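Order of writing sets the labels: A, B, C, D and E. Residues in every chain begin at 1.
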Amino acid sequence: MNTATTKLLRNNRCLFLAYDQGFEHGPTDFDDKSVDPAYILSIANDSAAYTGIIFHEGIAQSYYDKAKETVPLIVKLNGKTSLHPDEEPYSPQLCSVDEAVRLGATAIGYTIYIGSSYEGKMMEEFSRIEDEAHTKNLSVILWAYPRGKNVIGKEQDKDVVAYGARIALEMGADFVKVPYTGSIENVQWIVRSAGTTHVIVQGGTKVDEQTILEEATICKKAGVTGMAIGRNIWQSPDPIAISKKLAAIIYED
Amino acid sequence: MNTATTKLLRNNRCLFLAYDQGFEHGPTDFDDKSVDPAYILSIANDSAAYTGIIFHEGIAQSYYDKAKETVPLIVKLNGKTSLHPDEEPYSPQLCSVDEAVRLGATAIGYTIYIGSSYEGKMMEEFSRIEDEAHTKNLSVILWAYPRGKNVIGKEQDKDVVAYGARIALEMGADFVKVPYTGSIENVQWIVRSAGTTHVIVQGGTKVDEQTILEEATICKKAGVTGMAIGRNIWQSPDPIAISKKLAAIIYED
Amino acid sequence: MNTATTKLLRNNRCLFLAYDQGFEHGPTDFDDKSVDPAYILSIANDSAAYTGIIFHEGIAQSYYDKAKETVPLIVKLNGKTSLHPDEEPYSPQLCSVDEAVRLGATAIGYTIYIGSSYEGKMMEEFSRIEDEAHTKNLSVILWAYPRGKNVIGKEQDKDVVAYGARIALEMGADFVKVPYTGSIENVQWIVRSAGTTHVIVQGGTKVDEQTILEEATICKKAGVTGMAIGRNIWQSPDPIAISKKLAAIIYED
Amino acid sequence: MNTATTKLLRNNRCLFLAYDQGFEHGPTDFDDKSVDPAYILSIANDSAAYTGIIFHEGIAQSYYDKAKETVPLIVKLNGKTSLHPDEEPYSPQLCSVDEAVRLGATAIGYTIYIGSSYEGKMMEEFSRIEDEAHTKNLSVILWAYPRGKNVIGKEQDKDVVAYGARIALEMGADFVKVPYTGSIENVQWIVRSAGTTHVIVQGGTKVDEQTILEEATICKKAGVTGMAIGRNIWQSPDPIAISKKLAAIIYED
Amino acid sequence: MNTATTKLLRNNRCLFLAYDQGFEHGPTDFDDKSVDPAYILSIANDSAAYTGIIFHEGIAQSYYDKAKETVPLIVKLNGKTSLHPDEEPYSPQLCSVDEAVRLGATAIGYTIYIGSSYEGKMMEEFSRIEDEAHTKNLSVILWAYPRGKNVIGKEQDKDVVAYGARIALEMGADFVKVPYTGSIENVQWIVRSAGTTHVIVQGGTKVDEQTILEEATICKKAGVTGMAIGRNIWQSPDPIAISKKLAAIIYED
């Protein structure tokens, strides 16, 4: 395990605060508070619950001060807007590994839409990024999200999600971020398929607090390394409280 | 804020004289006077109203003397003619950052057609240009114009335009040029979505003088940094007078 | 104006002998004499009427002796055969700028099919060629020919041809070669749209001698810099005589 | 024959343990034991039956310790998931030759889908990889698998498979991995078409033990250099036993 | 004429032994003898009839010993299988010029399918190869074969074949290999269209001995430099005899 990966773990577990939704969904996810990246950083700092925060390049440039922030930076290298809902989506690289290094990143993130007809193009791009990032001592996180007409309706199926997790292992990712698949047994098979690659489960759309805490408990029992959560935190009326509750579940022995 | 960006501001506001229409629309926008780039430069010099002038490479080469001009040069790096009205438009890069530096540019401009199915290709290209331009101490202006069948009829919708402004922030642009969306509240949300990125509103097709001055007043109240105007200036019978009136609105405290 | 451009002018006017038809149309344009590039060179030498001769790379390699020829060489860098009549044509680059330099070229030529759906691809390619050619002290000639379903039937329209001439200015060409549009007024607007870029009119298919001389007269009166003529010369029974008559019209004060 | 190729041979024959199915088919090929790459390595080590083991980059990174493993490593450079069953498949490069060298590889593998409309694209990619791998003293193994509508139903035809084997020779591969074509005569023609290139036959889907041993016997008699087998080993209840039986057939004089 | 071109001539004429059919048609062209490249080399050596032998990279690597062979090597750089009969064919580059140099090549060969909608792509590729090969003192042979729906049925028409020969001249090839067009007059026009480029006629499918000798006689009378023949040699019962008869026709004064 490289030293960058170690920095993203606390008690061998992780919790990432996701804030790439301004790119992926646009400002409609935000209100007057959450539209401001400084507010998100304050949640991370005040809750002390996170081992990583996920930004695109521009947000990191203007809001993340690498000389003083304590939560490690994860720069998401590719992205796609929701303005054109392609049946077979592709997410292009929009930030170089070198720029991520300049911004003070500990890790980079990259999405492959598993099952899309552009899957191979994203795999090619990711394979080069993975090599370069490891050479430059960054940790590598693969977003493995099923998309496209061949997997439609199966985005949370055990076998499809496990395939995505396996790809992460076969391609050398340190972490793989996957959808939640709904039972301890399912999540266990995904963890097993990923081998030495750390599995992290995404939070997804805003649900009630009890639901997200139960998901975290199931994931923990199934052996995942952690979770990456955004809307369920900063759309919450009390982001600090929910952050601390999740941290208690994820990091406990 | 880099020093190039500072050069484009007066009292923390900006007014840009746009003259890329010969490329985007052809000479039909011009009459015997406005077809001549020297005439446009004389408007900028004589009115003293502008903090930037927008040219394509060839016009800058032949008409902008970097040793003697006082209005900063903005070189538009990509462009598309109106000869083939593509449903999903793409605007290719037609000038390098290095050439812009040689021409004496203070900033470069680049258009992303937000919503077009080629959006991702333009984003990729812009992401490389943004890095290179910042490395070479240029300011970076993103033209974020909604286009394509998924946003048709919504080119001036608050949420679509705010999405474009957000993309500019997420990708690290210093300025974002957007369509006018019609009310103080709408423009305010766009400014808020853009965070630390300066919002500038485009002038668009020729309207009567009162209309463009009212738009400027609304934009100013909503908190934009400035405007970029072309046809409403050089198609006017008195370009100097209208330039001075706009400057009075934009730069006043 | 760079020194290479100056070499292509006589009394600030130019006349180019075009011989790229073997590539564009095939040997069917030729008879037993004109199929031989040495014959074409002899017309240029014996008439003393030309300020440039247009060849593709291979012809220049085998027939143009840079140590002894007196008429400046213009190497056409891209080309397209007539074997597959594409509705939306593209003309690929087939010779590098460096190779043109080795061959002793004073200028390079490049075609953009204005209006074609591949227009943007040719513009991108031309923009890189223009930069490189100017860096290496060559003059740059843009062939701006309207093609494609959006301009079909308008290949000689004033506004379409003026748009092509304007693109040449906006992109930094030294010369733009355009179709003949048929009246002094039309050609004047094209010259005005091209600004500091020299306009040269193409000769086109073989017409009777009186017609081509009248065209030359109209072009001269409209303010063009010159003409580029091929078939009307070397398909003529007396190429030397027609060359001298054209030269008299073009170069006279 | 380069020294890397020699390392993959025992008594001028070879037997490779294939484990790229996690990438090509997903974890559905695995059970709780075979999902673990460490288990596969233990089969190779404990049976002493193999002259090579086939992994993708990520598995090699995390499980293959080049300082201590004795079975030579073959890194598969391209791959394709089964999530989108393309009529005309393409398999992109996902690992560089340099990365294979760093991982301690003795050989690289690459698939060309012979007959696919993307065949030419894979051939281009393979031609560059073959040059680079040979320059860096690696052996080169071509997977030549017929795919696509023009060869559907003929994936095991003598002439189609022989064509694939010939391509391997014409392109400079050291080994070619081909489907089993079912008779000594057929396999002999394939071996003859491959000239100096070593032919290895794939094991394919799980069959009963007697069947796979008979195939090995036929292949041996036809003059192949060896086989590459995966599922018929690690889906077997006794992988060590079947490995030793195959080795006895393949390596015997 | 460069020195490499000179090496391919005997009495200013040439005869090439073609053996790229294993790539273009597959082993179905071969029998048990002709499938072996060593047999083909023995024909060249024993007949002393040839000024060049045509191989793909892999065959040259394994069978052509540059330290001892006397017949010059021509490496074919691109190729296409017959497994997918594309209406508009493209033949990708599969060997670099540098690799051809390492193999001891005197010349490289490259096919452009004249008339194919991919013609431009092959021309672009060939233009770069031609420059590089000449820089490295290799001779350059263009295979100019009419293909595609726009020339179907006209693959041996005088004007179409002459156009291909002209392209070879316009692009700087030293030799152009063309189909046989059937009369002295036709072949003469092709030779004239090719200017300083040497015309060589292909042998094509196996015909009876008298026919191929008559074709050679007509070609010789029409002024071609030579022929490139494969199947009519190594599918013949007496390859040495037919080779010598052809040589007598081609090389005689």
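Worth a mention:
Heads up, the rule we're going with is that contacts are C-beta pairs under 8 Å (C-beta built on N, C-alpha and C of every residue); 3 or more make two chains touch, one makes a residue touch a chain.
Bear in mind the structure is a predicted one, so any value in this text is a computation, not a measurement.
Where touching is counted per the definition, the chains common to subunit C and subunit D are E. Homomeric contact subunit B/subunit C: same residue numbering on both sides for under half of the interface positions. Subunit A and subunit D have centres, each the mean of its CA atoms, that are 35 Å apart. With centres taken as mean Cα positions, subunit D sits 57 Å from subunit B. Contacts with at least two other chains are made by no residue of subunit B. Taken pairwise by the contact criterion, the protein chains form one closed cycle in which every chain touches exactly two others. All chains form one closed ring of contacts, and listing them from subunit A in the direction of subunit D gives A, D, E, C, B. Subunit E contributes residues 114-117, 119-121, 123-124, 127-128, 131, 146, 148, 150-151, 159-160, 162-163, 166-173, 189, 192-193, 195-197 to its touches with subunit C in the complex.
Of all the residues in subunit C, the ones that touch subunit E in their complex are 22-23, 26-28, 30, 32, 35-37, 56-59, 61-63, 79-81, 83-86, 90-96, 99.
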